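To keep things simple, chains are lettered A, B and C as they appear, and every chain counts its residues starting from 1.
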Amino acid sequence: MSQVRFARWLLFAAPILFICVFLLVPLALTFTISFWERSGFTIKPGLSLDAYKVFFSGVRLSVLRTSLGFAAVVTVLGLLTAYPIAYFLALRVSPRVSQTCLFLFAVPFVINPIIRNFSLAYILGRTGPVNSFLKEIGLIERPVDWLLFSDFSVILGLTLSYMPFMIYPLWLSLAGIDRRYAEASWVLGVPPVKTFLRVTLPLSLPGVFAASIFGFVGTFGESSVPIILGGLGYQLMGNTITSTLDVLNYPLAAAMSSIVAATMLLFLVLWYRMFDIQLFLGKITLRRF
Amino acid sequence: MQYSRSAQVAIWAYVVVVLVLLYLPILPPIATSISPTGRQPSITSVSFKWYAQLASNPMLIESVKTSIKVALMVGLVTPLLALSAALAVRELKVPRLILMLMLLPLFIPGISLGLANAFLFQLADIAPSFWTILVVHVLWALPFAFLIVLTAISAFDPVYLESAYVHGANRLQAFITVELPNILPGILGSATFSVILSFNETVRTSLVQGPLNTVQTYIWSRYLQVGLSPQTYALMSLLILITLILIAGLLFFNLRKGKT
Amino acid sequence: MDNSRRDVLKKSLLTMGMLSAGLTSMRSAFAASKGTINFGDVGVSDPGGDWSKFVSATGWDVNLVAIGNAPSQVLNVLIAGGGRKTYDLMGIVGGMQKPLVENDLVLPIDTSRLSNWNRHTNIKKYVLDDPNGFKFIGWEGKVYMMPTFIQGDSIGYLPEFTGHVDSYGALFDPKFRGYTAVEDNFTTTGQKTALYLKMNNLATIDDPSNMTPSEVKQVVDFLVDKKKEGQFRLMWTSFQQSVDLFVNKEVYVQDCWEPMVFAARRQGVQAEYARPKEGYLLWSLGPYLVNNPNRTPEREEAIYQLLDFLLDDWYSATISLIHGYLTSPGAAEYARSHPGEFTSEQAEKVEQIHANVKSKFEMPGTWQQRWPTHVDVYEEEWARFRAA
């Protein structure tokens, strides 16, 4: 019997152990290394704040600021684009149609974003299809330069990369709303817009928050988009971390990575405290366990 | 609360426009890969010679082999972990905690996740290998696989398990003969999705790949170092097609399930 | 219903089993070889994937792995990535002896074990006999990098927009404002700019290949001014980006490598590589022998055989044709006398390429400096240019 028990325990513990060993421990390790000291090309254990000093006093702090700004803009744009779609799919079409549409939105997300952004660089270039088209219809004479290697192209690339990812949590929370609330409000003669603002939107907030985190996570840690679509010396946290690794400054890379991860975990904790994750996953976990 | 016809059309138009924007970037590599000159899209006639040449590049073949091996292992390991986690949510007393832990990889940016694991392997003196790639891929795929399996398990009514117990089956027997067949489509779905995610991963892989290349790190290193040849575009197009086929399979399966 | 589901399970397990069996048999097909040499390389040492001549001669396979070329990236792979255990050779641009040797990461190459070394008159003439050339591959009198390819870099341009270009000044010409690009790299862009400023008496720089902190600052100040004027469209970071800049006519002049000009031509764009009056930025690329104390003598022997193979005439002709670099002196002759392997046009082309690179060495120019005395200042100043 005890053997069976042990096997059962092992079965359930396996995924938890996996996450602990390969995610929690490594993250803790990263945080520890951020306090280590550099000696030559290697690092040795220590309790130094050098990495954080360098980070908060150098150009990299502005990189953090830019990254946060971009992540915020992309998240808002993503929400504005994704929410109407999720709303429509969750409340206005049959389940089969909405499933099919959700799948269609999932496809571009799973196709490697790097490949998609290569194409974007071609599409937005001075002689690319967009500029050629604008010229063709006589809207412009000279190619529009800010389409590529600019804030615009980076934001577009990031939004197209991560917006599809935001639809699902939004849909999840919207589809879980009991329609009777909205109907009751409608029966009581409240106009649709007010109903939406007072009933539907607040009820979908867990999804909005989750979607925001997803959009933010992706954008904040992205390292290929600024390389492919960014302009002159474009730096976001993601590629700054890689280039710091390239100059063998592990404590600094670890410090930046920890700052990024900690920001995300902070959002996560907030979300966890504010909303019931099981209620949010209501559509998935049909009953409470 | 019905919409007017014009509002319906407008909303659908909006959905279609967003979909077009999302799908548009998939076209140029495909167009380049079938152009006989291998130049940027200017299709006069169609040629598949770049695809034929793929087989003659051993470095690329090696990367394809690594990717297939990793993807198959990810497709095998991830659903099992996901299944056991989903069962743990039901059986153990701390469902919220397990949910949170399983979803955690979604909240860690790829670069931080890859770097953290690189540090772990370095300090544990584990040389980068097939296994280190496997670990980061399973981490990345696990939350998705978990959600899919969880959905399947939640749709299964445990009353059937009770009746199996009544008929003298033990827990394991009941699970295998009654529940497993019911949730199998979900498990297969999570396996497929894991394979797709593994096949399309670059950033996390690049920090733990060591001397191995996956298809995606191969393409990325070509982009950085020696440029993309028409063959590379053919390779990208193949990856896109494989992904589309797998997704279409999933969709088809799902719709059929929805019908019955 | 349940039966059909169990069928699905059975079938899928069967498929997985078959697939893994297939993979195992694939592996055993390779087991015949004596071993595999792990060759980390920035991408240019690849003879179109064809190592068959080497494999059949020695019984060893070659596993070419793409690595980055940035000085610190290379160190990173060797120090952090477990690279000393994994790699046998690291093919990168030279000039990295100081950090590599001082950290015991590489071993000197015993050139007496290379049968092709002494007949390689190009290495002797252009690298060994030039003190600056030797500095690029050697350290304290010993050879650490085997110079497989030799080359001189300048800038590329599109003559249909610029006319003939014969100076680095085109990069900074207000006529092309917004239509030029530079590489995000202090060794290439930084040093070419220094060469330009020195040769045109626009700044007092003693040695463009090893500048003092104040000289570096002057150069970066100049670049920052130009950047602020909107001179550059892009600081490119990847090969493909640079090629696309020409192919999509995003820029007319850019600091790039000659292979990008070739790649653009293959895409039907008439691009040229300039012959600047200020001279070329000279460099050489080849493998460093990674220091792995646990290596067996058999493996070491195989590595030396591979090094020798990289200097042989077939390989040399093949690489010259792909990238346009100067290789072994017998390459053109080999191509001519082996019509089954090379066409007569190809043999002709090898000859031209070699003559072209040799003529670059007649010009003033300067050797690349990948690890200058004040490398920290270089890095810091470059970050300033990036962020400006």
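In this section, a contact is a pair of C-beta atoms (placed from the backbone, for glycine too) under 8 Å apart; a residue touches a chain by one contact, two chains touch by 3 or more.
Remember, it's a predicted structure, so these values are computed and weren't measured experimentally.
Participant: Considering only C-beta pairs in contact, identify the chain pair with the most of them.
Facilitator: More C-beta pairs are in contact between A-B than between any other chains.
Participant: Suppose chain centres are the mean of their C-alpha atoms. Which chain sits farthest from subunit A?
Facilitator: C
Participant: If you average the Cα atoms of subunit A and of subunit C to get two centres, how far apart are those centres in Å?
Facilitator: 36
Participant: How many angstrom lie between the CA centroids of subunit A and subunit B, rounded to a whole number?
Facilitator: About 17 Å, centre to centre.
Participant: Spell out, as numbers or ranges, the residues of subunit B touching 2 or more other chains.
Facilitator: 40, 223, 228
Participant: Residues touching two or more other chains, restricted to subunit A: which are they?
Facilitator: Within subunit A, residues 118, 122, 245, 250 contact more than one other chain.
Participant: Spell out, as numbers or ranges, the residues of subunit C touching 2 or more other chains.
Facilitator: 68, 80, 237-238, 240, 248
Participant: Show me the residue ranges of subunit A that touch subunit B in the complex, using the header's touch definition.
Facilitator: Residues of subunit A touching subunit B: 11-12, 14-16, 18-20, 22-27, 29-30, 33, 81, 84-85, 88, 92, 95-96, 99-101, 103-108, 110-112, 114-120, 122-123, 160, 163-164, 182-183, 186, 192, 213-214, 217-218, 220-224, 237-238, 241-242, 245, 250, 253-254, 257-258, 260-261, 264-265, 267-268, 272, 277-278, 281, 284-287, 289.
Participant: Given the complex with subunit A, which residues does subunit B contribute to the contact?
Facilitator: Within the complex, subunit B contacts subunit A at residues 1, 3, 11, 14-15, 18-19, 21-29, 40, 81-82, 84-85, 87-92, 95-96, 98-102, 104-113, 115-117, 119-120, 123, 135-136, 138-139, 142, 146-147, 150-151, 154-155, 193, 196-197, 200-203, 216, 219-220, 223, 228, 236, 239-240, 243-244, 247, 250-251, 254-255, 258.
Participant: Any idea which subunit B residues touch subunit C in the complex?
Facilitator: Residues 37-40, 56-60, 62, 65, 68-69, 72, 76, 118, 121-122, 127-128, 180-182, 184-185, 188, 210-213, 217-218, 221-228 of subunit B touch subunit C in their complex.
Participant: Using the touch rule from the top, collect the residues of subunit C that touch subunit B in their complex.
Facilitator: 2, 5-6, 8-9, 12, 16, 19-20, 23, 26, 38, 40, 42-44, 46, 48-49, 51, 63-69, 80-82, 85-87, 237-240, 243, 247-248, 259-260, 263, 266-268
Participant: Mind listing the subunit C positions that touch subunit A in their complex?
Facilitator: Residues in contact with subunit A: 68, 70, 72-73, 75-76, 79-80, 99, 103, 178, 184, 227, 232-235, 237-238, 240-241, 244, 248-250, 379, 383-388.
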